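Same chain, two partners: chain A is paired with chain B first, then with chain C.
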Partner chain A sequence: MISIKNLTISFSGKKAVDGISLQLEPGEILGLVGESGSGKSVTALTLMGLLASEGVMETGEIDFNGQILLKAGVKPDQKLLRSYRGDHMSMIFQEPMTSLNPTMKIGPQIDEQLLLHAKNDFKDAAERKKRVLETLEGVGLRDVEKVYDSYPHQLSGGMRQRAMIAMAVILHPDLIIADEPTTALDVTIQNQIVKLLKDIRDRENNSMIFITHDLNLARRICTRLAVMKDGKIVEMGPTEDIFTKPQTDYAKKLIAAVPGRKKSVAVDSAENESDKNVENKSESKADKKIVGEAGGTKKSPILTVNDLSVFYNERSNKIFGKTVHKCVVEHASFEIYPGETLGLVGESGCGKSSLCKAILGINKDITGSVKSATVRPQMVFQDPYSSLNPSKSIGWLLEEPLRAEDMIEKSIKYTKEMRREMAIDMLRRVGLDEYYYDRMPHQLSGGQRQRVSIGQALITKPSLIFADEPVSALDVTIQDQVLELLESLQEEYGLAYLFISHDINVIYRVSDRIMVMKKGQILEIGDKDQLFDNPQHPYTKELLAES
Partner chain B sequence: MKYFIQKIATLIITLLLVSILAFLAFQIIPGDVVNSILGTEATPEMEEALRAELGLDKPPVQRYLAWGKDVLRGDFGVSYRYSKNMNEMMPVKELIGDKLPVTLWLALLSVGITVIVAIPLGVLWAGTKNKFLDGFLNVLTQTSMAIPAFFLGILVTYLFGIALKMFAPGAYVSYKTDFGGFIHYLIFPAIAIAIPKIGMTARFLRNSTLTELKSDYVRTAKSKGVSDTGILFKHVLRNAMLPVVTFLGMIIAEVVAGSIVVEQVFSLPGIGRLLISSISTRDFPVVEILILYITFVVIVVYFVVDVLYRILDPRIRQK
Partner chain C sequence: MKVFNNGKAPDRKLNIYLIVGAVMTGLVLIWAVVGIFWTPYSTTQMSASLRFHAPTWSHPFGTDNFGRDIFSRVMKAVGTSAIISILVVAISAVLGILLGAITGYFGGIVDAVVMRVVDAVNGFPSILLALVIISLLGKGRQNVVLALGMAFTPSFVRIVRGEFIRLRDADYIVRARLMGVNKPRILFVHILPNIFSTFWVSVMIGFNNAILAESGLSYLGIGVQAPDATLGSMLSDAQGYLAKSPWFALAPGLTIVWTVLGAAMLSEGIGKLKK
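After this line comes the complex of A and B, so read on.
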């Protein structure tokens, strides 16, 4: 049994973890959920003895099957910790590309575990290799000899994460900590990894700590949940209890913010309620659209894409290297109508972003036609941290599209005061106070920055907005707020959205119609409910089968 | 295979361009080899005669093509200035042949010393938790980079030659008579060249190692229970070396082209001195060949760096 007693960690005086206590039984999967900065990862790293040197353990102790590994005020025994790490407890990290050494083959990286902790159990290198190959097979990899001799970049994301898991389980540790192990992976791969982790637990009966910000995911894998906020555990209990009968306000809020699906497995009050909200909203939206359509003649599309193929030149890095003309989107045809949200789902690299860029005219290497009934569609990007110029004030950034418009269109002339007024007005509309006008991007939180991005897209009053994964980098509750903002702006201005996401639940929440893409091709377009209830394409089925 | 053909094509094109540029430069810069040979007393007839003898009366394009043809056949021409004896001209090949090995060995030794000292130093520096050592190395490398080459040459001469008596300054031994003695003598100018390079390389390696130490795979290695030393040498070093290899390549090119000052201080008969005197006397055939040679070495060094990089980084190898 592993227990954490009254653990407090502070970074330069500020408490990152504040007096938490946890106990783990064998065979149990404990989910640590909460928003970023709530102390989930710091707790896990401390448990592994990997707390950064700036972090101070103020109180508490960590008891690992009777052995006190860490105790506040006692200098940690690094040698003891090293002998536990990898052998008795191991960790699976989020980003499998960077978490593996890029210049070392997979085999030796796993073999290193055996060399470090169990060298004497094996006669020679060949015997160790046999064990590594067995473990690789055990995590569901095929062609293991080849994987053994591959470098990380030669494997796909899912394969890398499997290799990472093989590394973590090869010595049958008592505790496995998985820190957002599927966040960087595509949905279908995510499911396989979750299943693999469960299988391993069933087979070896180890304890697992599963850290995630994705509550839907936590619900599928964890037996018990600990909800963290500001370094404290605000609520802990069996997973279904927390989902159905959350006790604290925070847990209620968190669970209500989870983008729910109509086809939820268990019927429970909280989720049901949030589901109803979503439905009501979409119904009201649909009603309005019908009214609008009935009022006039049938609306003509705001954007018509006809047989669009997008190419890009892949130039090799050599003097006489040939340029390869690659097709990334093949024969896409679809329409977007005023006031609707078209959701676009697909895995990374399927051509979603290329499609957007082509429609916006950023990529000109296309065939087919794009007809837009509106002035320049605007775009909201995924990463609110890097898509705003850090050296400019929020006001400047908001005015930037106006300045651009000013230059392009001769008929439009904005004075400095007009621009300022419009920017301040826009700040209010996206739910920010006027004084943010003079702030710099780094002074804002992720959600606030995404509000600024949305403001930037809206300020030239387009009737169509492309939102490329606008909430993927945000925490659930913030996600919820940003989605609400997008929805209310849609009602206010009659905006149409092309909403790109890899998250089925988010897509379900916002979309009227959904378009599924894979490998540059549009597989299916349909009304949300029709597509969810009766998916036609096998890939769509696979995508939806996730929960 | 395709890779090698591409590299060789790059080499040929670069050499061609450089030779044309050097030729053009000689057309543009003021000063005339005929004047410089005959002096101011010469009559126009004498100048005319010498011009015809050297083939300088023909148009530039024709001269370049004729020169190029000769070079391709392996005939590098004769020096305008140096002569073997009263009746014989000095072939460029012979003139340079003696001096090339000196410069090459000097470059090789200094790079060798740089690598051998700088890499362990950089890793040690990155790995140390000792604040004093950290500060000391910081000051030391900074100082080494700031001292000009000629002054370092004098310092090395004084320290190793006069104070420690490890070599006799000025007593250069030709590699033809005593190779061991030749290398022994060369080590000291090589040290003078290497010191600032060691400072730079060690600094560079330290920084890249510290960056690598913050990366995710290091955290993974720690979670496996790898010790600090294991992390440094087994995981980080190879990744940290990647940018350093490119940096070393640039340094080698610099050493090959820039050993002139140090050759002067240690009175080495290398190509550095020859290059300077040939430029000032407008000795075109010598300068042209020297420039081509330096270009050639630099490109070959970059090629070696490229190959090394491919070996170190599997991600590049695959492309």
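After this line comes the complex of A and C, so read on.
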């Protein structure tokens, strides 16, 4: 139905897409996977005829149902492209908040598609509205009349993405391009959206190109995968084939880097163990905790959180509105033991980060108690681009914690040479070379920055580190490297981590014990295997269903 | 598009604003610095026989109503105006950084009080405010600097405060707090360098406004007093003879335009540089 032949696109001489060819049949979901910068989005945008003006199509042609849409060297026919967009192909973007017009109500925004492309089929506004409402229902929205009259900011992220999808499917296009459509969403919502896209495909038999960096996700939805690297398709084939027997080295590396339970092996051994446990113990919940403790370490906890509630003031939008004292974390109690990793999993807004910040003393509006056996636990943040001061060199950043320590203790424990030595030593430990000492943060890649971040947190040798989604912003292979680094440093220094993530697979990989949080409450704490094999809370079950 | 914008290959376009701005400002500065130490003729020596001469080779900008060489007087005036403006900007920038950093970072009651005062000051046009202050303090060079410095502070406070609010919750600042870095160091070592690109642009704009404001005050006759010249006071002197000898007004007027334009282009260039 759609074929791309030998497509090459370059930006100021640099090839972003390098000679790719692919065909797509009706009803097929093709996954374009690869790391950022591999040319996935450029391919999709070109297909839509939305290539940025700096981009040059050097070779190739795009053929849509026998009609040549784009051809290298031929000026694109904008009128033709416009008639194809919407009618025959449409696109779903990553961030529904920025791709919906914030000043327009949802209904009229979707209605615009009909006005522009199918004016003749719908004689009057009432008819069009009926169609929009039907489509909104079709994407699983309830109370569609209300949604029709809502502005984007009045809807939740999942609802906005559904509205986006409604806009994309209202004209029954033959091809839907979804560019990371669930990346900005929470896991449970993500699942619903994936299911919705599949349902739509089943219903309308249109083909989809699904762009993602998340291989687990691609495995769930795509029928065929194309693995991209540096603008080339390195491997293409049915999804399961690629996952079970990848041919190329890069695909192997990529598959191997996917965090997840090696179900066949890991689960078996875990089952055996828990069987033994069942024999030994009467399974009361209180006992479980002691089992976890005794099985791991007998040390006293490095951090004890007792009945901690965290509040913040929310000011209402009214002029004379009162500020509301809102509780974001309710009665949290847990311990962290030396050398262990406690995984904290939950959706965005569940209070993970608030809990973290309260323990670290950034948020002071709390009740309950936090007892820490270590001085100044450090934190590694999610976004490698905002966690390093852009105006300072890497060396300066690594030395700053030492300077700060000296200033607090009013001592001169570290001389200039010592600081430099320690910083360079730390650079090596986090897997960077000495010459990064004089670099500036903007000269480093995301993974490298995250390494510097970790180094900065480690240099004062804390025994506890809080890691708030430390790998969520990174590509899979980089993610794998950073997780490995965290693990090896843990062994080396006997570190304890509080590891926060929304990604259940990452949590499974790193954690010894796991804590599940929802809406400010800790639902469940348990040993990793115990929790995975025998989740108590329905929400935990829901979360695990996706892994 | 995140795909292309990986920060590795920034667009190296020729920054024409920066070059032209730097050249124009540079020329004015050289002219002004030379003028402080040496001028072709005395700037105060009057001569009845030389009144209202049109530009000639020996007097390139002509002479004024007292027979003084306009070229020499403009040279001297540029220096005086530039020094006053630089001092004005320095005073208001330093005050602006201090107040803006404290109000922006800490917020709360200090912020509320300081910002209401700033709002009140901002409510008056800066020239009017300077007029009020000068009428309280009296005429003279120092008082012009002081008055304009105070009048210009609010805009700097606003800019600095906004930047500090933007950056105070940045991850790297939160991390600095976790490391136990003390507050002054966070304010002035961790945050301040990150606002310089924005700040320099406003400094250059402030410099321009100061030149214009100083000229305005001198034009009104309450700035620097005769026989010392500033660009504004020369314009003021020249206005009675516009028809008779237009070059009298043209020379200081064009110099103001040149200086302000140069500084404006320079600030534009700096702004583009950091993006």
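In this text, the second predicted complex is superposed on the first by the 501 of 547 C-alpha atoms of A that agree within 3 Å, B and C clash if a C-alpha of one lies under 4 Å from a C-alpha of the other, contacts with A are read in each partner's own complex, and residues count from 1 in each chain.
Here is the rule we use: a contact is a pair of C-beta atoms (placed from the backbone, for glycine too) under 8 Å apart; a residue touches a chain by one contact, two chains touch by 3 or more.
From a predicted model like this one, the values you see are computed outputs, not experimental measurements.
J.: In the superposed model built on chain A, check whether chain B and chain C fit or clash.
T.: Taken together on chain A, chain C would fit alongside chain B, as the superposition shows.
J.: Return, as a multiple of 10 degrees, the angle whose vertex is the Cα centre of chain A and whose sides reach the Cα centres of chain B and chain C.
T.: Nearest-10 rounding gives 30 degrees.
J.: Of the two partner chains, chain B (first) and chain C (second), which one does A:L308 touch, if any: first, second, both, or neither?
T.: neither
J.: Give one of first, second, both or neither to describe whether A:H442 is in contact with chain B, with chain C, with both, or with none.
T.: So A:H442 only meets chain C here.
J.: Which of the two partners, first being chain B and second being chain C, lies in contact with A:D87: first, second, both, or neither?
T.: Only chain B is touched by A:D87; chain C is not.
J.: Considering only touches as defined above, state whether A:T98 meets chain B (first), chain C (second), both or neither.
T.: first
J.: With the two structures laid over each other on chain A, which partner does A:L474 touch: chain B (first), chain C (second), both, or neither?
T.: A:L474 sits against neither chain B nor chain C.
J.: After superposition on the shared chain, which partner residues are touched by A:L50: those of chain B (first), chain C (second), both, or neither?
T.: It touches chain B, and chain C stays clear.
J.: Using only C-alpha atoms, work out how near chain B sits to chain C after the chain A superposition, in angstrom.
T.: 6
J.: Residues of chain A that sit at the chain B interface in one complex and at the chain C interface in the other, please.
T.: none
J.: Which part of chain A faces chain B closely enough to touch in the complex?
T.: 48, 50, 81-87, 90-91, 93, 95, 98-104, 112-113, 116-117, 151, 153-154, 164, 167, 316-321
J.: In the complex of these two chains, what residues of chain A are touching chain C?
T.: 11-12, 14, 16, 36-37, 39-42, 45, 52, 54, 360, 362, 376-379, 381, 383, 386-392, 400-401, 403-405, 407-408, 442, 456-457, 460
J.: Where on chain C does chain A make contact in their complex?
T.: Of all residues in chain C, those touching chain A are 1-4, 6-7, 9, 170-182, 185, 190, 193-194, 196.
J.: For chain B, which residues are in contact with chain A within the complex?
T.: 3, 6, 9-10, 215-217, 219-227, 234-235, 238-239, 312-315, 318-319
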